Amino acid sequence: MMPLYIALAVGAIMFGVGLYGALSQTNLVMIMMGVEVMLGGALVNLVAFWRFLHPTAYPGQTFFLIIMTVMALDMAVGFGVGTARFRARGSVEMEEARELKG
Amino acid sequence: MTTVLVIVALLVGAYLVAVLESWTSTGRLSFASPLLAGLALVGRESLVPRKSDRIFFEVGPVLLLVSAVLAAAVLPLSPGLIITDLTTGALFVNAALAYVMVALLMAGWGPDGAYAMVGGFRFLGQLVGYSMPIVMAIVGVAMRAESLVTTQIVESQVTLPNAVYQPVGFMIFFVAAMAVCFLPPFDLPTAPGELAGGVMAEYTGWRLAVMRLARAVLVVTLAASVTVFYLGGWNGPVLPPWAWTAVKTLAVAAVMLVAGRYVPRLREEHLLAWYWKFAIPLALLNILYVGIVLIAGSSSSMSM
Amino acid sequence: MSALAQYALLLALAAGVVGLALSLHGISRSLGKPREEEGKDVPATAGKLHRDPVWARYHVRYYGYALLFLAFDMEMAFMYPWAVVYKELGLVALLDMGVFLAILFLGLLYGWSQGALRRQ
Amino acid sequence: MILQTVFIGLFGIAAIWFAVVVFRTHSMVRSALALLFSQAALGAMFLAMQAEFLGVLQIMMMATEMSIMAIFMVMFMMDPGGLGGMDMTHQKRGSQAAGVIGAFAALGVAFLAGWGSPAATVPGPQEQLRGLGLDLMERSMLIFETAGVTILAAMIAATAVALATRSATKQEGNDE
């Protein structure tokens, strides 16, 4: 029982750290790092649930691969947007991105 | 016990590679020079550049050595003579070699020197090029062996080595392997004569000794992986299995080192364009070819 | 050998290599410290001593490749388990992966046509 | 079993520590590589949890992805070495509160929910890899192909947004 709780606790704290980072940083890349840390916490939880609760159910591992794909894709699209913004404004500070507000 | 044997073999291989490398640059075959050079480097002073990122500067060379040794840990010398027979061996080789890039990026950023930094970022560009073809070539090998275990990959080549079975994959893997250990036609991160040593420019003394040792071990590791994945590993007549692996590995390493003398260094954008426009489509075609051959082989054996 | 013992062995190997580096450091240190001299620890640059940090904005010129690589890279994650069961499944596996790779290759072709595959 | 618990705990602490370092250092390349080591520590944790393929995959993928993050960081920032010590945070108090609340909510769910008894044994790594392959090819086939389409969409979106079209670059060239 112990290892499951340790892994879940690590996932929860990673999620908290990532949330703090994503909210407090002003730079686009740093915000994305926060999102990556949060998704890392989700990955820990996925593996822990697969290992300790349903070790013979392989869709759990498939789901892990999908989350990993999401991590890579959000970086690719995020850097695309960042590059476009950097070309137009010369900076990726999100506090200056007023026109993105509704 | 096997661990010690494999590590001794690795060190002897690295020593022979260092002898060969000094031969390619000086033209003299001197068996004492690597040892003397290593001793002299340890005795010399090792400077730390001012205002450097100390952590990166210290960790870079050590991480390079760690990743080279860990990649070698899953490659078999003969049946049973292997440090760990991991189930995902072929993937683990890739994972360990990815940290070669991390190490060089750290070593490049750390000293706060212009040449080193350019060298580090160039190697990252090189990785963006070689990493996809190398993985796709290994997938072709794994398809034939139905496994990622390196010993099973060797056993699948008893009848016919992969170099003959999938020559396209072999060529792609060989070229990419030379890019991983930054040997001369692909030595963008160090580039003597242009970047003044690149990532190695700021290292002196024992740190340079660690870096040189790591480079030599890396060449042995890559040569061994070419042997295991494509040249049939320990399979061969007459000689004992370990001797076959050793001979093949040294031959591959020699070819890798000598090739650099005859091919000019490529520019980064030409290298990237070559990998993405030519090698990746070719590697995909190689996978398709292996797939069709495997299906054709299995259906013909069923009908017989 | 169980799987966990193998990972422990790999960890021990990494620790051993770090230990080797540390002992080299110790040997080198016991032979004496480098003498402090003016300008000795300045990083190499062409022609003149460079005293300012070089950690400024530096453009690597392969951003297009890097963006495509980030996405294309993920295909490996699906390819390895597929390669292991390929022989068992036969034609179905070939068609499945063929469709998947054809889709990804479209992305590569799109990037190529838009000029991602050149020096930025 | 005890050793497994110890390793999960150690690598978990390492992952959290590196994740904190990401947001505490001023140097951009340092924070990108700290994120890499945080994710690699997670990968080692997966190895300790006997998910061999997933662990090795995590260790491999994150190396390239986070390093590419470093080059974009260097491209976007005036001062990637963090020598100026510029503060790049805002709404610090609120984010700290949100982070703590988020972590405690997740912790509460983790510890209060009844998860049932944990499984003692797992299939061997070889079996896992085969099972994952069969699952991808049979039951989760559609999910797998959807992932392919998603990757295609992301590739097109990233290139289309990031790269100036050829005609636009030509015009720029004429202006200069």
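Residue numbering begins at 1 within each chain, and the chains themselves are lettered A, B, C and D in the order written.
Criterion: contacts are C-beta pairs under 8 Å (C-beta built on N, C-alpha and C of every residue); 3 or more make two chains touch, one makes a residue touch a chain.
This one's a predicted model, so the numbers in the text were calculated from it and none came from an experiment.
**Student:** Counting C-beta pairs in contact, does A-D beat C-D or the other way around?
**Tutor:** The comparison resolves to A-D.
**Student:** State, to the nearest whole Å, the distance from the C-alpha centre of subunit A to the C-alpha centre of subunit D.
**Tutor:** 6
**Student:** On a C-alpha centroid basis, what's the spacing between subunit C and subunit D, in Å?
**Tutor:** 15
**Student:** Report the inter-chain centroid distance for subunit B and subunit D in whole angstrom, where each centroid is the mean of the CA atoms.
**Tutor:** Each chain's C-alpha centroid was found; their separation is 27 Å.
**Student:** Which whole number of Å gives the spacing of the CA centres of subunit A and subunit B?
**Tutor:** Between these chains, centre-to-centre, one finds 32 Å.
**Student:** Where in subunit D do residues touch two or more of the other chains?
**Tutor:** Where subunit D meets two or more other chains at a single residue, that happens at 4, 27, 50, 52-53, 57, 61, 64-65, 68, 71-72, 74-75, 77, 81, 124-125, 129, 132, 134, 136, 144, 147, 151, 154-155, 158-160, 162.
**Student:** Could you say which residues in subunit B touch two or more other chains, in rising order?
**Tutor:** 86-88, 91, 109, 112, 121, 124, 128, 131, 147-148
**Student:** Hey, what residues on subunit A touch two or more of the other chains?
**Tutor:** 65, 68-69, 72-73, 75-76, 79-80, 83
**Student:** What pairs of chains are touching here?
**Tutor:** Result for touching pairs of chains: A-C, A-D, B-C, B-D, C-D.
**Student:** Within the complex, which stretch of subunit A touches subunit D?
**Tutor:** For subunit A paired with subunit D, touching residues are 1-21, 23-30, 32-34, 36-37, 40-41, 43-44, 47-48, 50-56, 58-59, 61-62, 64-66, 68-69, 71-73, 75-77, 79-84, 86-87, 91-93, 95.
**Student:** Any idea which subunit D residues touch subunit C in the complex?
**Tutor:** 3-4, 27, 47-48, 50, 52-53, 57, 61, 64-65, 68, 71-72, 74-75, 77-81, 83, 124-125, 129-130, 132-134, 136-137, 141, 144-145, 147-149, 151-152, 154-156, 158-160, 162-163, 165-166, 169
**Student:** Which stretch or stretches of subunit D touch subunit B in the complex?
**Tutor:** Touching subunit B: residues 27, 29-30, 33, 36, 52-53, 56-57, 59-60, 63-64, 67-68, 70-71, 74, 81, 124-126, 129 of subunit D.
**Student:** For subunit B, which residues are in contact with subunit D within the complex?
**Tutor:** Per the touch definition, subunit B meets subunit D at residues 53, 55-56, 86-88, 91-92, 94-95, 98-99, 101-102, 105-106, 109, 112, 121, 124, 127-128, 131, 147-149.
**Student:** Which positions of subunit D touch subunit A when the two form their complex?
**Tutor:** Residues 4-5, 8-9, 12-13, 15-16, 19-20, 22-23, 28, 31-32, 35, 38-39, 42, 45-46, 49-51, 53-54, 57-58, 61, 65, 68-69, 72-73, 75-77, 88-92, 94-96, 98-100, 102-104, 106-107, 110-111, 115-119, 121-123, 128, 131-132, 134-136, 139-140, 143-144, 147, 150-151, 154-155, 157-162, 164 of subunit D touch subunit A in their complex.
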